[in-house]
C-alpha cells in the first residue's frame, strides 16, 4: 500500500478523512445554528493566548515554541473568547454575528499588541510565532493522525449523544429549556465542539480549511435532505469524501496545495448540488 | 575626596566637550533594520557610536511590525542602514518617504547584481537572503564602512581598522566553511529546509538547496511535493534535514516520518538560523555566530567531525 | 515629547480617525443587518484580487492592489448573494463559504503561477501600517497651507478622507431608505424603496470602506471599527440616530487615544519601544464595548439619552 | 363606491419551487373588511405577497382598482406579522410610524412639522400618542400592532393588507384593533387581513375568502361562511362549534 500511494499521502488521507468526517458532523449543527463564522472568530482569538503561552514557556525555561504549550495557551484564549461571545449574546441585545466579530477583532488586536511588545523586548526566539500553529494537510504526522482520531471520536460521539437536545435547542430554544437542557448549556456545548475542531484543525490543517469544512459540507447536505440527523451524517460523508479526494489529487499533481484543493472541491460539490437539486425540483 | 574632585573635573570636561563633539559631527545616530546589519555596523563603527536595531535579534524581518517608536527612531537617525532587496517589504513605502530627507544605505543592494540570485528568469526581484554567504556579506561590510567613514571622517582610521578585522573574520568564516564541508561527497551535498532561504549558502558551498514550500508566506506545500522530496531523499541517500528558527517544523518532520516508513534513517540535523539570529547577548546573536552555527550544524549533521563549539569555540551546545 | 508632531503623528492620527469613522458609519448598518462579519470576510477574499492584479501588472503598486482587492470584494458579495438565493444558507454560512473559497483560490493561484516565488501575501501587499504614514515635509500647522509640503502628505490620508466624505454623504442622503429597509424589508419594498439597490449599496460601501482602510491602516483596525463602536452605542441607546452619533464618538476616541496610548504609554512606563497602534485601537474599542455593556446593565432605564424624534 | 378593490383571476403562484396557490380567483369589495381564512400551508402568506407584487406569479391576473399591484403600490399599506420584526431595532414608536411617510418623502424632502402632525394624529387614532417616545420592544403585543396600524394610517393608503393582525394578542387588544380597522373602513379604506381564528370571523369581518391552495368560496360572511364551505376548506367535519354560533 505504501508503494501505491506513499506513506505521507496515506497519513494525510487518513487524517483528512477523519477530520472531514468529524468537522462535517459537528458542522451540520453549527450551520443550523447559523454560527458558521464562529470558527473564524475563535481561530483569530487564539493569538493572545499563543503569545502568552510563548512567554510562559520561555520564562519557565522550556524548549522555546514547544508547540503543545503554545496550543494550550491558544486554546485557553479561544475558550475565553467563547465565554465572551456567550456573555455578549445572552446579556445584551447584540446579535451573535456582532459578538463574534467583536471578539475576533479585539482579541486579535490585543494579540498584535503583545506581539509588537515581544518583538522588540527580545525574550527569545519569537520569530515565526504566528506560523507556528498554522498547519497544512500535507505536513501530517503520525501523532497528528492520532490526535485527530481521538478528537473525531470525541466530537462525533458528543454529537451522537446530544443530537436530540442539540436539535431541539437549535429549532426551538424554549422547548429544549423545558426539556431540561438549558439554552446556555447547549449553546456552550456547541461552541465547545466548534472550538475543539477549530484549535486542532488550526494546528493540523490550517485556518481556511477549518472554516470551509465546518460550513460547506453542511450547506451541501442541507440541499439534499430536510432531516437533521441524516443531514449531519451526509455532511460528515461529504466532508470526508471531499477531503479524501482532495488529498489524492494533491498527491498526484504537482503544485497543488492540499488544503486549497479540498476547499475548491467542496465548493464544486456544493455548486453541483445546487444545480442538481434545483433541476429535480423544477421537474416535479 | 581627591578622587571625587578628579571625577568632578572629568565630568565637567565631558559636559563641555560633549556638545562640542556633536557639533563637530563626530557623533552619529545609526538605525539599522535587521539584526545582521546592526551587528555588522557595530563591528565596524567606532566604539562611541550608538547603533540601534529596529528588529530584535530573534525577530523575523518578514513578520516585523514597526511601531511608533521605530518610526521616531528612523526620523531621528543620522544614518539608516537597511537591507533592501525587498526584505523589509512592509517598510518600503516608509523608506521611500524617509529617503527624501534622510541618508539611507541599502546595504544588501551594494552586492553586484551578477552575484544575486533572481527568483526566476522573468523576475526582476532577487532573493534577499544574502547573509547566508559570508563572501557576499563582505560587500555589505564594505558599503557600511564606506558610508561610515564618509559620515565620520575623523574616525576613518578606526573604521578602516575595524572593517579590516571584520572582513578578515568573514574570510575566516568562509574558509572554515569550506574546510569543514570539504569532506562531504558531492551526492550528499543537499540542504533540505522548510522554505527557500538558503540558496546563497547553496551557491557558495556547492550544495543543492531544496525548500519544502516556496518563498511566499501564504503559500502551502502540496502532497506531491512532499512525496517528491521523500523519493529524492531516498534516492540520494540524504542523511539529514534541517528546521529553521523562524519556520514551523511540521513539514520537515513529515519528511522524516515519510522516509522512516520506507526504511531510510533521516536525521533531524538541527535548527538553522534563517531569517533571524539567535538570542541577544549570545554568540549566536551575532552575524558571525549565526553563520558559524549554521555551518557547524550542517557539517556535523552530514557526518563531518567539525568542532562542536564551532570556529571560535563559542557556540552553545 | 510632542516635537515632530506634524512629521510623525499628524497624518497617522487623521488617517486612523477617518478610516475608523468610515468603517464605523457603515458598521452601524451592518450590525443592525446582522452582517457584522462582512468586514472580516472582505479581509480574506481580497487575496485572489491581489494575486490577479500582480499577475497582470507585475508589480505591487498600491492602485492596482486596491482595484484588484475591490473587484475581488465585489465578486465575493455577488457570490454571497447567489449562495443565499439558491441554498438555505444564512449570512454567516454564505460568508464562511465565500471567504474560504476565495482565499483557497488565491493560494492555488499563487502556487500555480510564478507568484509562489515572490513575497506575495496580503499582509505586505495590501495591508498598511498606521505608524508608517509619516509626512516628511510636515513641520508645523503652516505646512498644511504650503503647497509644496502638501504634496508629500501620504495619499492614504487623502483616500481615507475621500472615502469618509463619500460614505457620509451617501448615508445622509439615503438615511431614510437605510433605516426603513433594515427595519422592515417587506414594508420598504412596498413603500417603493429599491431594497435590492440599498442592500447592494450597503455592501458596496462596506467594501470601499474596508479596502481603503486595509490599505491605509491594516486589517485589525478595520474589523474592530466596523463592529465595536456601533455595538457599544447599540447597548447604550434605543434611537438609531443616537446610536450613530455615539458610535462616531467612540470610534474617534478609540482611534486618537489608541494611537497616543500605543505610542507613549510604554515609553512612559520605561520600555524602550512602543506597541502596535492598530492593535491598541482595536483593544481600546473592545474595552469601550465592555464598559458600555456593564454601564447599560447598571442603568436599566433605556431612556437616559433623551429620545430624539425623527 | 361599489367597485371592487381587488380582482384576482386564475392566479397560480410558485413559491420555493412548489405551487403554493393554484387557479385562485376572487374579488374584494371596496370599503369592506375582508378576511382570508384557511388552514396552515393554504398559501395565505403567498397570496398576500402576490397581492403586494413582491413575488412573481406563474399565471393569472391581479388587479387593484383596475391596475396592477406594482403600479398601485403607493396606495397599498402592509402590516407584517409581528414575528417578522426585529423588535430590538433602535427605534421608538414615533420613528416607526414616521417610516410610513418615507416612501412619500423619498430621500431628500424635508420632514416638516406637517409630517410630524400627521404622525401624531395617526398615533392619536390608535390611542398610542402617549407612547411616542417609547422603544418598540417595551410595548405589549397589542400596542406593537397598534403602532403598525398607525404606520399604515399615516400612509393614507386606499388598501390595507394585514398578515395575522391578531396573532399573539389578548382579547381586549383584539377588540381595540378591530375598532380601529372599522373606523378605517368608515374613512373609505379597503382592508384585507389573513385571519386564523374561525370563531371571530363573523364578528369582525364583512367578507371572507376561504382558501386552501384554491379558493373554496368568497363573498359576504353571512352567505359564504357556512359549515359546509368551511369543512370543505379545512377538509374536516366537526367544526359545528365554530360556525354554529351566529
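Letters A, B, C and D mark the chains as written, and numbering starts fresh at 1 in each.
One rule holds for everything that comes next: a contact is a pair of C-beta atoms (placed from the backbone, for glycine too) under 8 Å apart; a residue touches a chain by one contact, two chains touch by 3 or more.
In this text, all values refer to a predicted model and were calculated from it rather than measured experimentally.
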*Count the C-beta pairs in contact for A-B and for A-C, then report the pair with the higher count.*
A-C
*Looking at C-alpha means, what's the farthest chain from subunit B?*
D
*Please indicate the chain closest to the centre of the assembly, with centres calculated from CA atoms only.*
C
*asked:* Rounded to a whole Å, what is the gap between the Cα centroids of subunit B and subunit C?
replied: 37
*Please compute the C-alpha centroid of subunit A, do the same for subunit C, then give the distance between them in whole Å.*
26
*asked:* With centres defined as the mean C-alpha position, give me the subunit A-subunit D separation in Å.
replied: 46
*Could you list which residues of subunit A touch at least two other chains?*
93, 112, 115-116, 120-121, 255-257, 259-261, 278
_At least two partner chains per residue is the criterion; list those residues in subunit B._
65, 67, 69-70, 217, 219-220, 222
*Can the chain contact pattern be summarised as a line, a ring, a star, a complete graph, or none of these (other)?*
other
_If I apply the definition of touch given earlier, which pairs of chains qualify?_
A-B, A-C, A-D, B-C, C-D
*subunit C residues touching subunit B - in the complex, by the definition given at the top*: 4, 7-9, 12, 47, 106-107, 110-111, 114-124, 128-129, 131-132, 134, 136-137, 152, 154, 259, 262-263, 266-267, 272-277
*Residue ranges of subunit C in contact with subunit A within the complex*: 31, 34-37, 39-41, 44, 83, 86-93, 95-97, 99-101, 103-105, 107-108, 111-112, 116, 220-221, 223-224, 226-228, 231, 234-235, 262, 266, 271-276, 278-283, 285-286, 289, 293, 296-297
*If you look only at subunit B, which of its residues touch subunit C in the complex?*
62, 65-72, 75, 86, 89-91, 93-94, 97-98, 100-101, 119-120, 122-123, 125, 214-220, 222
_Residues of subunit B that touch subunit A when the two form their complex_ = 54-60, 63-65, 67, 69-70, 212, 217, 219-228, 230, 244-248, 250-251, 253-255, 257-258, 261-262, 275-276, 278-280
*Inside the complex, what are the residues of subunit C that reach subunit D?*
32, 173-177, 179-180, 182-184, 186-193, 234, 237-240, 242-243, 302-303, 307, 309-310
